[in-house]
Amino acid sequence: MPVPTAFARDQWYVAAYGSEVGGEEVLARTVCGEPLALYRTPDGQAVALADRCVHRRYPLSEGTLEDGRLVCGYHGFTYDRAGTCVSVPGQTRVPRTARVASYPLAELDGFVWVWIGDPARADASAVPRAPWLADPGWTVVRGMEPLAARYGLLVDNLLDLSHETFLHAGYIGTPEVAATPITTEADEERGIVRVSRHMDDAECPPFYADSTGLKGRVSRWQDIEYHAPCLYLLHSRIAPVGSVPGADGSDPDGFHTEIAYAITPSTETTTYDFWLVARDFAREDEGVSSFLHEFNRTVVLQDVTALDILERVTAEEEDRQVQELSVGIDAGGLAARRILERMIARSAEPAPEPAAVPTPGTPGTPGTPGTPEAVAAR
Amino acid sequence: MPVPTAFARDQWYVAAYGSEVGGEEVLARTVCGEPLALYRTPDGQAVALADRCVHRRYPLSEGTLEDGRLVCGYHGFTYDRAGTCVSVPGQTRVPRTARVASYPLAELDGFVWVWIGDPARADASAVPRAPWLADPGWTVVRGMEPLAARYGLLVDNLLDLSHETFLHAGYIGTPEVAATPITTEADEERGIVRVSRHMDDAECPPFYADSTGLKGRVSRWQDIEYHAPCLYLLHSRIAPVGSVPGADGSDPDGFHTEIAYAITPSTETTTYDFWLVARDFAREDEGVSSFLHEFNRTVVLQDVTALDILERVTAEEEDRQVQELSVGIDAGGLAARRILERMIARSAEPAPEPAAVPTPGTPGTPGTPGTPEAVAAR
Amino acid sequence: MPVPTAFARDQWYVAAYGSEVGGEEVLARTVCGEPLALYRTPDGQAVALADRCVHRRYPLSEGTLEDGRLVCGYHGFTYDRAGTCVSVPGQTRVPRTARVASYPLAELDGFVWVWIGDPARADASAVPRAPWLADPGWTVVRGMEPLAARYGLLVDNLLDLSHETFLHAGYIGTPEVAATPITTEADEERGIVRVSRHMDDAECPPFYADSTGLKGRVSRWQDIEYHAPCLYLLHSRIAPVGSVPGADGSDPDGFHTEIAYAITPSTETTTYDFWLVARDFAREDEGVSSFLHEFNRTVVLQDVTALDILERVTAEEEDRQVQELSVGIDAGGLAARRILERMIARSAEPAPEPAAVPTPGTPGTPGTPGTPEAVAAR
């Protein structure tokens, strides 16, 4: 069961933060190998079109926006939000087949989710949620780092936090992380992996000591919830040693941090690493926010450096069937790989009903041109 | 009919400006995949030798010139202008097979043309001409930009000037360029494509307003003459609205600009983009020359940026048989592709008479070693 | 007989200078395509482990040293000097197969030699010697330049010093080098090539004039001894014209320079170019040392520049079976290629006795895990 490089199709992926998509500039993102041009119409709706003009394949993301229409920057072919070409230079007639795919899109919790696969199967109610990311009761810092590594390496990385002790030593890693056993649960049906590590008497990383004011040793809980393929949630709780939440869920002594990652495959060997940290304490403290942002970015970049190295190793060894050796800490990562492999296999199966005939000029793009571009919007 | 990447052989290509080829330094250029070492002998004749020493394949262009002979910079093998090795280190005998190809060469209109193909078929009278480029009645500004794109993308670009409206908006592009219909003629026999666009009442681009002094709207004619594979001429005329040349060809109210490009394939995915602008007005005005040079270079670099992007797209999509969608503006470009494809197919046919047996040590080079290197020289 | 790119296995190669290998930092080197992590244990012994953790293939050279054990920087798998994993995070049991190869190693004459091949065949008494490099009677300057070229191109370069006249003109090259005939001897059995060039009345390169104080013309001897595949020795003697060593080997008028290169293939197209210059004159003169270091480095970098160019040419022409043309000066280089080809062919043969079964997790690595890592140490 090696790290997957294929993409699970018929799935929702985060293409951008909502704030990155505007009405002045077009944003280029490649998701699961599919180039997208993202922008916002004057009525505020985000749009994701296939990023290749039907004419000479020039990226539409190099173009300009005019009244919510996207004008190709090379010869001026103009598209509406449904991907239909509405204007061609030098002639009044627009060829019937002049359309690009418009991707099903859902804007939720601050993310712009796009559906990669058969648009007929897109169901916005299946988008996994992380409501605290857009909840005024929480304060969020976030960023996105591009990774020169296959997405499966980031899934591996995040499902096994024992690496914190070594790769992030002095930051979020303490000896107890690697030393404490985990419990793992895989919900294969719903594509969710849960990994929990409860350290009841642990060193408090300086990160948490500084931002919570806790002195001495702490109870530190890490509860991972990975919604394959894209959304990774880490519910983190820090509390004085001995403190536990009440039976009613109340937890006045606990400090809660909701850490989220969106793991979006870009090409087979590159990934968008969206990261967010939401907290319910020191919420108005700009100093804490700015510290958390820098601190967490540093930790993410430690991962980026390591995974970029690992990608080069993996690429070199790919043809040689080099085996890994898995141990107990890998239970979560292996469960994730199994779920991803099943999703990948399933998305390669034929659709239950005949898929739309590919439109000439846009083979390889998944959407039926003209599909309403937004299945759900907040 | 996709953009060609193969090279039409048995054709003349511009390898350099004459002024780039001197007697002190050796110039390295790769034309249609063939590495050339270009230099000038003491009697002023330009020479193009295959840029690989017979000994250990070191580039001769890294060597030095001694009395019009080219000395390899690694071990000192020395060649005369015919490509014959005349000296070998450590011994007096020079092996009989020690020769490199010397390419047929013609220096005309300021260009150094080289013949890529069977030297026996080289005919300097077939070099397409652009006499104004070396005519004292015209003032010329020029440059060369290397392109990280296949040459066919530049042919496409130049044969369809409707892109000026979008890619060069604010420079040479005005709305009328894209909006005005074209007429196209292809002379398949002679390998020439003509595309004409006559705008009788058009906005005057600031470029022309500044350099001609014309105020208000103008008559603007663009007459393209593409001599496949390498020479592209654009006869540009700007005049007050309503003014037409006389029946005798006189045109006192017109301002004429002769724009030329030499489109020289270097490798399969790189191209030399030689550009020149000749004018018959404000001929002594250094300010106009310097403005025109900077302005036109800016426009060329806008093309370079776009075509480099398009090369990356094309390379990515190459295996997927992605189709383009052609419309009326593409008539010239499609005619050019057809002519190029025929030239490529024809140059793959066997020669009418047996070609020279390749010399050991220089397989893959086209020339018969010892062929007189200059078929015609000005 | 083209330049080889395959590696001769079952051979000793220089991986590093001894001074580069310490107990604080781990040194990464790739020898014959095999990634190595080099470090020194607290008792001073150099160790070379396969540079890939058995767990997730992370490079061990990114890790840290703790009490002479190597701790993986990703998840903390810990290895002893024999390559045996002694600690795994989150559990007390260490899987039986958790081992990486430990390479046979010999530290001699200032070099760290590693054995690439079947560890059972490693014999440290077969390491070729250059004793003056670690002899207090000699003063040594040295360096290492990475080469973006296949090792065979460096072998070619060093076996034919006639290139000094052209590539190193003004440095160590004078007209007499290329003009003086050589004698060549190949000891195919022992894998040694000898090339001698004795110039009895030659210009003295400024290099030697400055450091020896000799005026006017000199007798200059160059005696090459290449111990394939890795060690190249050049015994250089400069003396007044007419002076010859006595019958007893005494040579009071001669100035001796022992130049050594270790030619270590890294990947198929990259090489470590270790270079050393030992002298028996002006031994305490720091000015001479510093001059010699800079001077020789400049000469080595001239070779690096040329060979990097030649690698690009070779890679481009590889599929086209382009032939070289060899002459008298190439006798040494051709003999070296023959010997290397035989070594390569021989190392592809099955071992006389069954080789160890590859350990899961480290296929492609040569060593039997657990092999004592140091066959011989100074």
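Labels A, B and C are assigned to the chains in the order they are written; within every chain, residues are numbered from 1.
Methods note: contacts are C-beta pairs under 8 Å (C-beta built on N, C-alpha and C of every residue); 3 or more make two chains touch, one makes a residue touch a chain.
None of the values given here were measured: they were computed from a predicted structure.
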(message) Can you tell me, using the touch rule above, whether these chains form a line, ring, star, complete graph or other shape?
(response) complete
(message) Are the interface residues of chain A and chain C largely the same numbers on each copy, more than half shared, or largely different?
(response) different
(message) So the centre of each chain is just the mean of its C-alpha atoms; given that, what is the distance between chain A and chain C in Å?
(response) 47
(message) Where in chain C do residues touch at least two different other chains?
(response) none
(request) Please give the residue numbers of chain A that touch chain B in the complex, ascending. (result) 52, 54-59, 62, 71-76, 88-91, 95, 97-98, 360-364
(message) Give the list of chain B residues in touch with chain A in this complex.
(response) 156, 160, 162-163, 165-167, 178-182, 306, 309-310, 313-314, 317, 320-329
